[in-house]
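In the two assemblies presented below, chain A is common to both, partnered first by chain B and then by chain C.
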Partner chain A sequence: MNKAIIRLKNSLNRGTQSLFRCDFHTSDAINQHLEEKVILTKDRYPNMKRGKFAELQGSHIQHFINLLGPTRVLTDPNDVEPYNIDWIKVVRGYSGIVLKPKTTQEVSEILKFCNSERLAVCTQGGNTGLVGGSVPVFDEVILSMSLMNKVIDINPLSGTLICEAGCVLENLDSALEEHNLMMPLDLGAKGSCHIGGNISTNAGGLRLIRYGSLHGSVLGVEAVLANGDVMDVLNVLKKDNTGYHLRHLFIGSEGTLGVVTKASIHCPPRPKALNLAFLGTDSFKNVLNILQLAKSCLSEILSSCEMIDDPSISAVIRNLGVNSPIGQFPFYVLIETSGSHTAHDEEKLNAFLEKAMAESYVLDGTVTNEPSRMQVLWQLRERIAEALLKDGPVYKYDVSLPVEHFYGIVPLLQEKLRGTSAEIVTGYGHIGDGNVHLNITSKFYDQDLVHDVIEPFVFKWVADHNGSISAEHGIGFKKTEFLHYSKKPGAIALMKQMKTLMDPNGILNPYKVLPED
Partner chain B sequence: MEDYKFLFKVVLVGNAGVGKTCLVRRFTQGIFPPGQGATIGVDFMIKTVEIDNEKIKLQIWDTAGQERFRSITQSYYRSAHALILVYDISCQPTFDCLPDWLREIEEYASQNVLRILVGNKVDREDREIPAQVGEDFAQRHSMYYLETSAKEAHNVENLFLQIAAELMEQMRFKELPRYEQEQAHSINGRTTAIGDSCCSRLS
Partner chain C sequence: MNKAIIRLKNSLNRGTQSLFRCDFHTSDAINQHLEEKVILTKDRYPNMKRGKFAELQGSHIQHFINLLGPTRVLTDPNDVEPYNIDWIKVVRGYSGIVLKPKTTQEVSEILKFCNSERLAVCTQGGNTGLVGGSVPVFDEVILSMSLMNKVIDINPLSGTLICEAGCVLENLDSALEEHNLMMPLDLGAKGSCHIGGNISTNAGGLRLIRYGSLHGSVLGVEAVLANGDVMDVLNVLKKDNTGYHLRHLFIGSEGTLGVVTKASIHCPPRPKALNLAFLGTDSFKNVLNILQLAKSCLSEILSSCEMIDDPSISAVIRNLGVNSPIGQFPFYVLIETSGSHTAHDEEKLNAFLEKAMAESYVLDGTVTNEPSRMQVLWQLRERIAEALLKDGPVYKYDVSLPVEHFYGIVPLLQEKLRGTSAEIVTGYGHIGDGNVHLNITSKFYDQDLVHDVIEPFVFKWVADHNGSISAEHGIGFKKTEFLHYSKKPGAIALMKQMKTLMDPNGILNPYKVLPED
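Take a look at the complex of A and B:
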């Protein structure tokens, strides 16, 4: 195995293991096809044209070395290669440089210089994105935020955290634990993803049903604009109605309007009582019944509601050796409750389960508050992406749909893809907020199938059912040409105007989010 | 909603390793799960049976036997219609712990819950608790008594069907004057007094 691959493995293993989560980056499943060279994005998408940006020169490199020192400027191809490839190995740039700033001032100097020299920049956090947003498309300068990883302040009284953008989500959660607080978001990649990336993509995750999106949890940000200006709206107030709420420009804009360098986040109290139920049911209709019943019976203690279909669970069992604690069913639901009073929560959960069984919504299940058991149960949901990747390339679609249409596309796709290179079509995800993760495994990466069959069908079907083509993964590079399915022309035009206003030279994460003219 | 006349909640308790999960899986799925791991928390499933042409739905709750995994189980006693207390006839300590389980039942379960003592693993040849000892214990504590083998499917279906029948019978008695309820009922010919039931009719 060559040095670049070993380094890539190491970079993918940056995060620490969580008690309740299995960080998918620690598995060989992610790395199993690494020996096969990932095709360059410019070759995979030959119609993509490089923008009118400067090419990296020796003088540019020298400037960066003068600014950051030689150890924080990577130019050795073996060192740079891991930063050029996304974790599902579908997109690959050919950048020749990675910059690792430690301060906002350094980020400011870098962007100021890149803007004046017309050097395109791709900002990268933990590189756990699924839409190609965090790696270069061509030869953009990679701005890695991994060294901006300091926790600046935790205020237990107000429940606020101020930190730098390169902090790993799980590390923040661990730091907050000492103060009986928790991060308001939780996702499978928590051991690797950065809070800056979470904010830039408006990551949703497993707790959105309880704690809402980052547009609510992020109280303020510090961001550097394309010209190097530092925009400090690092508010810690929960109420501040003084003009435009500028922080929202940087939440979900995927690094195209500015580089988030710091954030202040509202962190809820860490629950004292946690319960997790894993339920088996015989139809999607009953999944909806379970959801409705959970919302009415569990209301304020409901912190997560996840649906998994049988092909997803089967992949986890088959490929990762994790056992299901209950019998085989077409659908499964994971329900987590979290609160401050154990007896109260168990009482509510008991009433919910009795009712769900009385109505035959639930046919089999298990419930626990034991941490080790909860970890095992969560793996059945959290490790699906990893398990499917063991079967070969995976086409992933993250869509939002009205909850009654949550699973409707899966059987249609199964039928449509019969006899093609596609193998398994699965649907799972955050049923509580209508966010389905559609995954299609394949024998090999089939560009024609993806481009001509799957994507037009998926995105049109989603649009026809009043859904969104991206629920939480963002648009990135892979979904730009489909943005019109979810945004009207006037909205896209305004987005382009904002981009032009804030980044007139278009150096920040080009080719991402907005469709090419 | 599925059509049924009665819905009963049945909870299994007893030491770890006595075969509670195997009894449940044998009854609900017709299998004897090999290498069954310890239950952590509470497992539950439903099974509909037919007694006298009436559909009865049993909600079966299988609890953790190990002390450290039992914190969650106590809230599940309260609304139980029947409690099956299981021990292993080839393991004396599981029988010796029965008084502790009864204390827990007294504390958390409804006063008039139907209680059944089950000696499991009668397929084993290394019996440590004679049937008579189990039966005497059951009689002293106003419980039904039955011996089973989940492995060989001996008396397992009978256990749950008898519970369903007994609970259904109690439902019918509810419509009669109170004094008529004080009579004996039996499983396998063994008798014990049954008081008023806590069951509610669902139709």
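Take a look at the complex of A and C:
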């Protein structure tokens, strides 16, 4: 047995087993280099035209106060302002009102009224989106779901949860913990994001490789349509083939076809054992070898497989003072296992590591099942975005690619941007799901470079390699003009027809998802 | 250790590990007690009115021959007849033509022509459906997908398959085997059913508890719309949030919104170890205890959990001469594990069995990992429908219920039907997914009993307990009038709007899924 394997094996310490809860920033952290005073979206995008919606009148406000009472209708600009700005401070609307319904009936009354009055509506969950989908573009009425935050039912036997849309993801996971269940998704923003927003954006996250997408996990939804009708397909059944599967209309349509008010979700058993391995390797080819071997050896216990390139880790080490437990390598892979039996999982993980080192796929690494050490290792992945921002503005792309092309764009872009204001090009992300986060740091924010060089190149390259220009962040406001790179004209035409069918006045989250004609 | 545990442990023989391939009839076997000469649907359901579609003319036939050549246009009544009758011989159309396209372009040309000529179309896959969805009701043009049966790509690294819609499920699974992958669904009809039909009906099957539904597994589809437009959303990406998730429109809509021509599917690693336990218990309460314990102890390796009641097993023993390896009990549970490590899986299974017996949840049982013995044990579950049919006509219902109500309807129905022509009421099925197959044998086919007593009671009871009147079989032709038991008026109204949007002339699989106005 060589030294490295011994080191790996010794690092398999026997700490207390408990579920690792990560509290780091999302991979797409606050873009603090952008202006303190955020430019209004209408000024940043001067070609955008406000739709022919009504403007908010005193009579509208009075109607909402009659409906919700005065405390759940915010109109003081200081109160409203935080709801107008997205959390990465790139887009900013100028809505004059925030409504905070507590019941589906109230949401229904609000939408019915807005539809008849032609008032545009922007529904907001935890406001953790990254594509400007959750704040108004102009003066849309803001519908905050934050007070619809009740857990309605947890059924431990069938493993199902029913809850309101405004529940925070992390709170739901905590509520499930005592029943030995877990939420089937996990992402950096879990401390703020709402399950309604997760569903509306089809959130992916760190463990999709194991627990699948929300299209599989969400068993039913209740949603309010643009005209105020309540669409109740909130069943908790795992098999139900009675008519069209309408819930999927609301998963990933970003609030443009209806407002999700409740959801029922299939929740897997909470794992009793967790392990995390942090591995260094010398080439992207070996990253793929590690992935393939992990899928084969770890199979049913593999719960995360993340790739990080050296420029990403270096930024974390350099800018945040986090130490890497192993030497410097061109690439790193984080492997997480979740299972029901500690000894079995460790044995599988050891067998995987021995093979990976014997084949020289892995050159060095460390393994732990101790929660605090896992937390430290996760920082090397979770804090990359935060670290890169210390170097200057960051242009961020969230793309999916067939896994063999996962890293191909990074060296090409490095070459292409040589001699420009761009500095570091990095790639990291969910290699198990083919989802790469492409980040480009820059000396200063260079709008021309972004629009004329980076975006045409990135989106075209992704499209040419059958990728998706938005893996998990969605289209929102900021990517509507690029939708055509990932969807054919026929698909976009059908989307528009569905929008017209379900929201003929276009009041639900206008300017989002679909490009203007 | 008590005797039963020793017996269980000893039965854990160490046979060759290989994947068990079941070749039995579906749980809903051929209803051979129905008439030899199947009554035409239009005569069996005299209130059904043919839609205002064109009738097939010689000029239409000539057009199709020009398009496909003479050998792929069947018009000889002897050739066409098998396509007019469903395999359980309950419904029978009188179409005069079968078209067998080989390419998406041909499907497109056919639908474009049918749409402009107002010819109704019934798309047919393997014709293994149980609700009359896959054969014409009247004289619809039959579009057989059987020649679109090519595997287009298998990517072992990402675990994805791209294939044409007419591929037989079992053939796909065989093609994946050499790449150590498997299809994420398995059902009795796998030797005949097409993946296009599986997708169009959102097929469930035996291992949904482990691998989830097709809404999670299907990554993309290519479908032809009613007007002949090709909707290409055939990506192979696990994460793609670019606009509405259109593929879900075609999953479970039973060919009424479009014809699926190709699909891309996420395929899990093929397990290296399989075990099967057949357990006897004394009460439904203990069936639930076994389920809960299995989910906790077997967690990530649990791949099937089936419940069978004594009348079901007794019919198999009595009518088919199959022996049960254990004594007689009110209830039986089949537990299958699939994993990547033989010794680990057996250890988990043993721990589960020891606990289950120590708590007296399980009174007796047998366990095997030897393929031929597993095959014998599966017969006790898979051949129930066939066995019941030996006793006379069988009224069959496929319902989902919250798991605690899974068996509640059986004793109620036994009581209700006492003194009628009905004989045995049995319940068995996928308890892990809350999907019970309710079967009622009868001395003779008693239409009045079915329509006046059984169906109103079953469907109302299921609706009152928040169940689904069709768990996996779909609505097809036979259940449209009962859709309202599982879907609210608002949902049915939206389904009808979507149908009108996507198929304004109503040519795609008319009379199916949606009730008449």
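The rule we apply is simple: the second predicted complex is superposed on the first by the 480 of 517 C-alpha atoms of A that agree within 3 Å, B and C clash if a C-alpha of one lies under 4 Å from a C-alpha of the other, contacts with A are read in each partner's own complex, and residues count from 1 in each chain.
The rule we apply is simple: a residue touches a chain if its C-beta (ideal position, glycine included) is under 8 Å from a C-beta of that chain, and two chains touch if they have at least 3 such contacts.
Source: prediction; values computed, not measured.
J.: Which partner does A:Ser217 contact after superposing on A: first (chain B), second (chain C), both, neither?
T.: Touch status of A:Ser217: second partner only.
J.: Using the touch definition from the top, say if A:Glu359 reaches chain B (first), chain C (second), both or neither.
T.: Touch partner of A:Glu359: chain B, not chain C.
J.: What is the contact status of A:Ser421 with respect to chain B (first) and chain C (second): first, second, both, or neither?
T.: neither
J.: Considering only the touch criterion stated at the top, classify A:Ser253 as touching first (chain B), second (chain C), both, or neither.
T.: A:Ser253: touches chain C, not chain B.
J.: For A:Asp232, is the partner it touches chain B (first), chain C (second), both, or none of the two (neither)?
T.: second
J.: Go through the superposed model and pick first if A:Glu347 touches only chain B, second if only chain C, both, or neither.
T.: In the superposition, A:Glu347 touches chain B and chain C alike.
J.: Of the partners chain B and chain C, which touch A:Thr75 in the superposed model: first, second, both, neither?
T.: Neither: A:Thr75 stays clear of chain B and chain C.
J.: Counting residues of chain A touched by each partner, does chain B or chain C come out ahead?
T.: C
J.: What part of chain A is shared between its chain B contacts and its chain C contacts?
T.: Common interface on chain A, chain B vs chain C: 347.
J.: Within the complex, which stretch of chain B touches chain A?
T.: These residues of chain B touch chain A: 1-2, 7, 9, 28-29, 39-46, 57, 59, 68-69, 71-72, 75-76, 78-79, 202.
J.: Okay, in this complex, where on chain C does chain A touch?
T.: 155-159, 180, 201-202, 204, 208-209, 212-213, 215-217, 225, 229-233, 235-246, 248-249, 251-253, 257, 269, 271-272, 288, 291-292, 295-301, 338-341, 344, 347-348, 400-404, 430, 433-435, 466-475, 479, 483, 486-488, 490-492, 494-495, 497-498, 501-502, 513-514
J.: Which residues of chain A touch chain B in the complex?
T.: 275, 325-327, 342-343, 346-347, 350, 353-354, 357-360, 362-370, 372-373
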